[in-house]
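Structure record follows, encoded as structure tokens.
A, B, C, D, E, F and G label the chains in the order they appear, each numbered from 1.
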Amino acid sequence: MEDTQKEATPIEELTFRQAMAELDGIVAKLESNTMELEDSLAAYERGVALLRALRGRLDDAQQKVDVLMGELEQDASDEEIDTTLHKA
Amino acid sequence: MEGAPEEAKRPLTVSQAMALAKGALENCVVTLVGEVSEVSVKPGYKAAYFTVKDTGASMPCMMWTNRYRASGVQLRVGMLVQMTGRFTLYAPKGRMNFDVFSLSMAGEGDLRKQVADLAEKLRKQGLMAPERKRALPAVPHTIGLVTSPRGAAVHDVLRTLRRRWPAARVVLAGVPVEGKVAPGALMTGMKAVVDAGAEVVLLVRGGGSFEDLMPFNDERLAITISRCPVPVVTGIGHEPDTSIADMVADVRASTPTAAAEAAVPSAADVRAQLAAASDRMAALVRAQLRTHEREVDAVVGRPVFKDPAILFATDAQTLDILGDRLHRAIPASVERDRAVLASYGTRLATRGRTLTRAFCMKTDEEGRVLLSRGAALVEGYDAQWKLAASRLNDLSPLAVIGRGYALARNDEGRIVSSIADAPVGSRIAVRVADGTLSADVVAATHDEQTEIPWKEA
Amino acid sequence: MEDTQKEATPIEELTFRQAMAELDGIVAKLESNTMELEDSLAAYERGVALLRALRGRLDDAQQKVDVLMGELEQDASDEEIDTTLHKA
Amino acid sequence: MEDTQKEATPIEELTFRQAMAELDGIVAKLESNTMELEDSLAAYERGVALLRALRGRLDDAQQKVDVLMGELEQDASDEEIDTTLHKA
Amino acid sequence: MEDTQKEATPIEELTFRQAMAELDGIVAKLESNTMELEDSLAAYERGVALLRALRGRLDDAQQKVDVLMGELEQDASDEEIDTTLHKA
Amino acid sequence: MEDTQKEATPIEELTFRQAMAELDGIVAKLESNTMELEDSLAAYERGVALLRALRGRLDDAQQKVDVLMGELEQDASDEEIDTTLHKA
Amino acid sequence: MEDTQKEATPIEELTFRQAMAELDGIVAKLESNTMELEDSLAAYERGVALLRALRGRLDDAQQKVDVLMGELEQDASDEEIDTTLHKA
């Protein structure tokens, strides 16, 4: 295993972009088909973990954005009601 | 009018008379001063119509609109004006008008001159330089309003501010804006609102005469405005006159309302701006999410995740091939070795069967020779002997004995051929045909000499 | 996350103008398209909070007039609903 | 036996590729038919051990990857359910 | 006996191929029919001893190979069972 | 006897070939018919003795070969049984 | 006797050939008929003795040869029996 000196950073400590870059690198290395079985296995495992983490983060982000936008929309519609009431 | 002298005696027509008068009047250009008593200035009219009077007379005047505008004077009843023009006749009505060429306010001349001089002085000091003009705060939180607490202006401003930007706090300095005390009051008001936290000062008043506006031409006020730590907006409703205050202010608005509008943003605009920011942010975040989703999806779609078998496909195949080759390699070699061994076995067996054969043949041969030789071994000698035996037999001297002769031997074994050979008393052996007699010599007789014939043969 | 050293000021401590400027900055930063997902999310969250706060301030705004000098003459034609007068 | 000075490395200490290369060499040598029976037997034994170890490793790797893929697919189908629920 | 100066090496000390080569020489010499009876007898005896030893070794080798192949096949069939179970 | 100076070597000390050669000489001499009776007798006797010794040796050799061949065949048939059992 | 100086060699000391030669001489001398009776008798007697001795030797030789041949034949037939038994 060639990269053992470089301990993998815990995924939670990576930013999305860093995780993505690492995943890209892993996929490229896996597809180059030049790795030892053991290394490619470890890389694959790491890749899947990264992929799952990235998906999870995206889902969380989407959810968060949905919630925030929902709040904004709620405000807007409240305002509309206010306006309507106001005009009445 | 060419025929006027000769037709003088004859009565003129009304038109001719009017033309004659018109000609006489219009040659007379005069400058006069009078008080304005009536004014009719209406949009759409080609001219401004007014009346000037003094105590004894009044005179209708008209001034072509372009000239009137150029004069910069706004006519008001009671105004004392100085004008230059000529008399003219409006023939259809038979009315005389004074056609005004130029118009100025009489009695203001000095003031205007003073104001212009001050303006020039301040301009030279750079107080009006465009680069001194400060931008207004986009969203002022506190607005200083310095104006008369009475009249329409303060309410116009407050209404406009409330409508456009109710969020702003207004600090109001209600001060007199006319009269001798006005400049000092205005300056005090400005200081008061700035001290109260105003981020912009609105200096406004409603319209008035040139004289009314004189406090805004005050030099001290001008300097105060120019040194004011926050931007100043003027809204002094006295078009077309421009006050010194207007000139040194950061922004000049034509009316108090316009000043209020200039000082604050519109709440509706800000809401629209906020809505735009909201949409923009959401769009950007969503776009980023979509980008990331596409990135992740792209990775998921890569062959290694779609079909991870390809990770090991090459290795697996190589391994299968190697396994197959390994499988075949050793049994083949064992089989080959076994075949070679079998052939050696066969050859050894073959050889084993014939190993002694050649030797056996040889020995058998020798055996045969020995046998045959053995059978004949003695034969030759035997024949030789037999021949010798028969010959000897034929030659036996004893054959004589057979015919009756006897052979005597003395005890020495010698043939007794003489009586000397066997002295009497000796024993002799006498060989006869079928045996030997033992005899003692008892006597001896000597024969005469006899010839022995065979001796001579 | 790059900007953690600069703790966000509580929104209530911001003036409308500051809040507006921060919101503008957030939009600009989002537009630069160079942010980490996490930063964008945080920025968005902050932006939404700023937006709501600003809207709230606009909605709740009532004109306040502090009369420092003189006496304001009431104008009969004005509805005084939105204006609070303070005599200095 | 010609190579006794070079003790065989324990297979667990070889990487997959190293083991593969050794197996390849063994097969080639066996096929060349130039070895002593004793050597070829020893080589065959080593070859079989290598082959079994390599197969085992491949199977383990395959299994591990299957498990990881299963997790990925589980995520994906969870997400689908989420999406469906969300839309409902 | 002509070759007595060269004492025959004990067969167990010979490699398979050495023994094979000696056997080859013996058979050829026996077939050439030029030997003394005693020599050919001794040679024959040696040849038979070599042949039997070689056969024995081959049998042992075959047995060992069979065992090893059996293990391989066992692996393979285990795997098949695994695969079947896995698919079930 | 003419050859008495040359005492006959004890037959057991002769190789098969030497004995054979002597026998050959004896037979030739016997056939030449030039010998003394006693010599030919002695030669004959020696010849017979040689012949019998040679025959004995041959018999022994054959017997030995038979035993060895028997062993070979035994091996071979054992192996055949093995092979048959193996294939069964 | 002319040959008395030459004492007759004891017959047992004569070889068969010598004895035969002497016998031949005796016969020739007898045939020459020139001898004294006594000599001829002596010669004859010697001749007879020689004959007898030779006969004896011949008989002994024959007997010996017979024995030897018997042995040879015995061997041969033994072998034949062996062969027959062997083949049986």
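Simple rule for what comes next: contacts are C-beta pairs under 8 Å (C-beta built on N, C-alpha and C of every residue); 3 or more make two chains touch, one makes a residue touch a chain.
Keep in mind it's a predicted model, so treat the numbers as computed, not measured.
By the document's definition of touch, common neighbours of chain B and chain C comprise A. Distances between chain centres, each the mean of the C-alpha atoms, put G farthest from chain C. On a Cα centroid basis, the chain most remote from chain B in this structure is G. Between chain A and chain E, the centres computed from C-alpha atoms are 67 Å apart.
For this pair, chain C with chain D, the centres built from the Cα atoms lie 65 Å apart.
Note on chain placement: the centre of chain B and the centre of chain G lie 132 Å apart, centres being C-alpha means.
Shared interface positions of chain B, i.e. residues touching 2 or more other chains, are given as 278, 282, 285, 289, 292, 300, 305, 308, 311-312, 315, 323, 330, 334, 337, 345, 348, 352, 355-356, 359, 367, 370, 374, 377-378, 381. Annotation for chain A: residues touching 2 or more other chains are 16, 37, 44, 48, 51, 55, 58, 61, 65, 69, 72.
Annotation, chain-chain contacts: A-B, A-C, A-D, B-C, B-D, B-E, B-F, B-G, D-E, E-F, F-G (touch as defined at the top). Contact residues of chain B toward chain A in the complex are 278, 282, 285-286, 289, 292-293, 295-296, 299-300, 302-305, 308, 311-312, 314-315. Interface residues of chain C facing chain A in the complex, by the touch rule stated above, are 1, 36-38, 41, 44-45, 48, 51-52, 55, 59. Listing the residues of chain F that touch chain E in their complex gives 15-17, 57-58, 61, 64-65, 68-69, 71-72, 75, 79, 82, 86. Across the complex, chain D meets chain B through its residues 16, 20, 23-24, 26-27, 30-31, 33, 35, 37, 40-41, 44, 47-48, 51, 54-55, 58, 61-62, 65-66, 68-69, 72, 76.
For chain B in complex with chain F, the touching residues are 345, 348-349, 352-353, 355-356, 359-360, 362-363, 366-367, 369-370, 373-374, 377-378, 380-381.
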